[in-house]
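Okay, so here's the structure we're looking at.
Chains: A, B, C and D, in written order; residue numbering restarts at 1 for each.
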Amino acid sequence: MTRVRLGMVGGGQGAFIGAVHRIAARMDGAFDLVAGALSSNPERAAASAAELGIRSYADFADMARAEAARPDGIQAVAIVTPNHMHAEPAIAFLNAGIHVICDKPLAATAEQAARIAAAVRDSRARFFLTHNYSALPMVREARALVAEGAIGDLRLMQVEYLQGWLADAAQGKQAEWRTDPARAGAGALGDIGTHAWQLAAFVTGRVPARISADLSSMVPGRPVDDDARVALRYDGGAKGGLWVSQVAVGQENGVSLRLFGTKGALEWRLQDSERLILTPKDEPARILTRAQDRSGSFRTPPGHPEGYLEGFANLYSDIAAIIRGDDSHAARVPGLADGLSGMAFIAAAQASAARDGAWTEVKS
Amino acid sequence: MTRVRLGMVGGGQGAFIGAVHRIAARMDGAFDLVAGALSSNPERAAASAAELGIRSYADFADMARAEAARPDGIQAVAIVTPNHMHAEPAIAFLNAGIHVICDKPLAATAEQAARIAAAVRDSRARFFLTHNYSALPMVREARALVAEGAIGDLRLMQVEYLQGWLADAAQGKQAEWRTDPARAGAGALGDIGTHAWQLAAFVTGRVPARISADLSSMVPGRPVDDDARVALRYDGGAKGGLWVSQVAVGQENGVSLRLFGTKGALEWRLQDSERLILTPKDEPARILTRAQDRSGSFRTPPGHPEGYLEGFANLYSDIAAIIRGDDSHAARVPGLADGLSGMAFIAAAQASAARDGAWTEVKS
Amino acid sequence: MTRVRLGMVGGGQGAFIGAVHRIAARMDGAFDLVAGALSSNPERAAASAAELGIRSYADFADMARAEAARPDGIQAVAIVTPNHMHAEPAIAFLNAGIHVICDKPLAATAEQAARIAAAVRDSRARFFLTHNYSALPMVREARALVAEGAIGDLRLMQVEYLQGWLADAAQGKQAEWRTDPARAGAGALGDIGTHAWQLAAFVTGRVPARISADLSSMVPGRPVDDDARVALRYDGGAKGGLWVSQVAVGQENGVSLRLFGTKGALEWRLQDSERLILTPKDEPARILTRAQDRSGSFRTPPGHPEGYLEGFANLYSDIAAIIRGDDSHAARVPGLADGLSGMAFIAAAQASAARDGAWTEVKS
Amino acid sequence: MTRVRLGMVGGGQGAFIGAVHRIAARMDGAFDLVAGALSSNPERAAASAAELGIRSYADFADMARAEAARPDGIQAVAIVTPNHMHAEPAIAFLNAGIHVICDKPLAATAEQAARIAAAVRDSRARFFLTHNYSALPMVREARALVAEGAIGDLRLMQVEYLQGWLADAAQGKQAEWRTDPARAGAGALGDIGTHAWQLAAFVTGRVPARISADLSSMVPGRPVDDDARVALRYDGGAKGGLWVSQVAVGQENGVSLRLFGTKGALEWRLQDSERLILTPKDEPARILTRAQDRSGSFRTPPGHPEGYLEGFANLYSDIAAIIRGDDSHAARVPGLADGLSGMAFIAAAQASAARDGAWTEVKS
């Protein structure tokens, strides 16, 4: 089986998420990274590409054009730039017929998101969004259990993503663009709130109809939200809460999801990502592990901890299969719809907060 | 040291919390239960008293009068009736100069609460409210740490109390009165919401100024709330969340408190009640146990788990000391102010929910 | 129901386990402590008794005689002295027809143990030994599960009791007698090793046939063992390990029991004493709580943590029932046989260690 | 930086550990797998190589010869065959001057191990042994802490590796060779006992001088041990225990290490591999995470769980660095000495067990 030829936009020296995408693409041997426009700084772009031994471009538009023209050009591109720099390269590669693997959130603004959506509709290429947490085996198992009725009808949902690394005024490259409204679009809401939103939707199979949001900037002078508490109402009466924070001191990546239904409950925490607690009503809680998982989304027997990078790699493996023509895994790979839903969530949360938490419809 | 002579109103055969109060009163040998009006059913009252070997009264008013007149009459009375039956006996015993140890919440209605408050002000006797969770050693230690500045200025607070036992239409004596608006006043909000509210206030030393509440009755036809999500705003910018539920399937008594401040974080869970996690900013989390506790609120060395009943007994021991004239422990025993604060919380939450979650001032 | 009249030998001011016995006896209101020979120091004995408001004796022999002669004399006596002081009072009270509730281990020497055994056989009174851990609800549930075949045939057992409080040269009253061979008989082996031995026997229903022991005195100059590793062989091929230590720095009371059988596994830890993990072969682990317990050995609904003192009180409640003539609980209250088994364990461990760990038969 | 050209012996279709080595080699982009003798079955060897797109050899001896002769031949080879098939290929590649990355244990017999040792001594190539657990970041941090004196002088060590997958008579390829004395050499002792032995030695920096072993075959008719309990004595008085089992029902990979010294304690568990508990004497336990780790052995910020594969990849990255000439990481990569120590452990354990647990010197 030949490897999928992959390009990358962003992810030059010093970047975080670009390196993660590269590891994920490498892990199962399904991709070859062969080209990149790794930085908007031409020298750093060239140096970074040289380090990786790949073709280097100073400009993503040139890259899209040139790669589309080569017989051995890239088949897919990973876009790992800051949020405001997703739309232009995504559109360029989609227009060139090259599949796009885009980091989340979809974009920094609704206008950018709409243009990406239009390009996806007009392109023969596919669009993927790397909401990696939903690719972890026990999360996929949770989704299967909910779909099978293991917890009955959903009544209560609580999703959290707590970090503490921005508890002080931002320092460093990673912190800087994430707290710049122009580049990030939103703060915690966009960076980790969309992860939480997608995780809950992925597992429950449902999207809240209305939300009430309280956004805070706990660090004086910070121009974006660094803490967001959002109450959620689903059609039919179920309710939920979403809490994300980047000022929760001591929390490293406190992702958790709790569901309570008429017949049972499910609980999952990233810190203990290989275990899923299922509590059927009036029965003891059960600790599910990969011995019970049916998604096949792992590489080693249960008890050998897999984690964040393996989840990311699960997405890449599914994407490779889809690119090779096997669409059977497509339902579990996030894409445009998830991206648009995340943007609708951000917009509704900001609108609700602007009206002091008034219940606001999520238009997706 | 002679024991404090104790009476009880409510707590006849089949009652839950009355038995808990009796164990708590007995544990440290500071009380003798000598009299009771244990049931509104005269036969059950008599049978229950005979089983305990105490003086029996068919009526609490008679009891207050008679006991006040005896040279060996009770010095304090525990009121362990349903919420709507707190006010009348509390007032009768306060008027008779007998100390009152009242179960929470203070009352079923604001009117009842106001009359209790007036009686407390007019009486030479003391009034105590058994918010037992705040008497657990590591909770007391948490309060001391916050007061000393261990977490800096509070930014984020999350308190939860999740139960699943009312996930279906109520059955049994305990469930019945708790879901009857006339007897309970409120549902989960009153029964466990006031515990959560007091726990957060006790540890943080602060009371939220405004709240936004979403109350639900998840079980069809239930006339009271069985799930309450409340957003909290403190003066000065700190924010919080309070979530209580009685339909969270599989949760037995999921009480937890999480605090994040400018300099550190604290986390405590009832299920692991002997451990308190303190995370100073940029340092490893520390697992505090009773080896670190300074409250003296325990009977055995660390590592011998103490729990719910011991916490309850801590309150009784403090109350005995206060009754004997040592007021040094008074600051940590909940009383009228806590009761009124709880009633203000219920009222504000119901008012906010009636206006679809509008931010509502807590008037206490 | 009238209370059982209780006396106490030992347990004067400053004692630890005497206070625990008193709380346990009080908790369920089944006993009245009315008399005591609380200290070998007559002044402390008198002062301690006055504090408790009970009849005081300077001498346990006088007490046994006098109480047996009174119509309202004690029906049972708790013996809470150091190990070497168990035999004489136990024999005196047994001879006087008064039930004995003795702290563990049975005695400091085999000779003392044999004399107690003879006295028990000649007396119409009962003899109880307070191995309290085996009275915790989830431990009793574990025993029931094993007896029902939930784990199939036992293959592997591991029991541990780790403490760190004697990591340095002993200081203080509690440490002193426990590290004095004359008063304690053995070190960690007697003090906590017998607890571990009894816990394993109680749950598995089986006693190892042969053991191989490695005893250490990790603190230089300590005349008794402070760490004991013992390998165990059961008839029929099952094997086990027992590890107790008093120099395991940071361990408060790390009691744990793990069992693996042909059909399943069980795990219990004192630190999380309300949860029992049952893993049927090839199925997810199940977290059992008191919602699943069938022993009735608790006072509050599941989720309200009960602990060490409640376990101790479970023994006292069972003992009260037995004294009142209900023998149905006798099978779960430790007694002479457990005491003799503990002494046989100590003797075999010391003999094995003296022969460099040679496998040694346990003669009980 | 060019990639290290890697070959593989074993690891054809259906193999477990070969796939793990390939992922580990790919993860950080430091290796290119280019050739293999993937199976002793020529057809499977060819099919497996075709699937991976690499040069295929039917025979490892041919491969060693041919690759050594090519200018673009492999620089290193991973040997991932069953234990009895380590020696011949290892020697062939060492003789050809090609670095060897060998799976553990070193060999099936002492004679094979001795021949490997001789070949290592005679070769200019390096020899690495993939004891992967010791490459996990928090394990490396544990080693650093011990070396710095964080726990003082070691007193007590307990290491465990518990699995349950062989609780019944073996089925399947993985189980078969592991329970065949000719191919495996030893059972649990070799397969996971050597991991436990190396893990303890790596972290403590010490190797026990004498051991006493009890080996069992819990499954009737099994010709190798499936459970091993080993008592350990270090020179200077420290003691330890090693327990490995493959019949511990419900255990997936229960690896744990506990150390107690004169000044503190350390605890680590594979299931929670990103956290290390350090308890300084008389202080609260501290939960160390990768935020405290100083080994640099990770790819993502703390809180993004890394695990088994990342640990394995850490070894491969270090090996790549060493092959490229940077020896600074060599001290933390296991090699021949670890392999010989593991063989000495197996031999001593079998000798001790044959003499009913007599204390036996470990000759390494």
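Quick note on the criterion: a contact is a pair of C-beta atoms (placed from the backbone, for glycine too) under 8 Å apart; a residue touches a chain by one contact, two chains touch by 3 or more.
Because the structure is predicted, anything quoted here is derived from the model rather than measured.
Undergrad: Would you indicate which option in B-C, A-B or A-D repeats the interface seen between C-D, with over half of the contact pairs matching by residue number?
TA: Of the listed pairs B-C, A-B or A-D, the one copying the C-D interface is A-B.
Undergrad: Decide which interface, A-B or B-D, involves more C-beta pairs in contact, and give its chain pair.
TA: Of the two interfaces, B-D and A-B, more C-beta pairs touch across A-B.
Undergrad: Could you please state the distance in Å, as a whole number, between where the Cα atoms of chain B are centred and where those of chain C are centred?
TA: Roughly 35 Å separates the two chain centres.
Undergrad: Counting only Cα atoms for the centres, state how far chain B is from chain D in Å.
TA: Those two chain centres are 55 Å apart.
Undergrad: Could you tell me the distance, in whole angstrom, between the mean C-alpha positions of chain A and chain B?
TA: The separation of the two C-alpha centroids amounts to 43 Å.
Undergrad: Give the residues of chain D touching no fewer than two other chains, as numbers and ranges.
TA: Those would be 251, 285, 289, 291.
Undergrad: Which part of chain A faces chain D closely enough to touch in the complex?
TA: These residues of chain A touch chain D: 1-3, 16, 19-20, 22-23, 26-29, 51-53, 163, 165, 251-254, 270-274, 289, 291, 299-310.
Undergrad: Taking the complex as given, what residues does chain C use to touch chain D?
TA: Going by the criterion above, the answer is residues 151, 155-156, 158, 164, 167, 212, 214, 216, 218, 227, 229, 231, 233, 237, 239, 241, 243, 245, 247-251, 260-265, 279-281, 285, 356-359.
Undergrad: How about chain D: which of its residues touch chain B in the complex?
TA: 277-278, 284-289, 291-292
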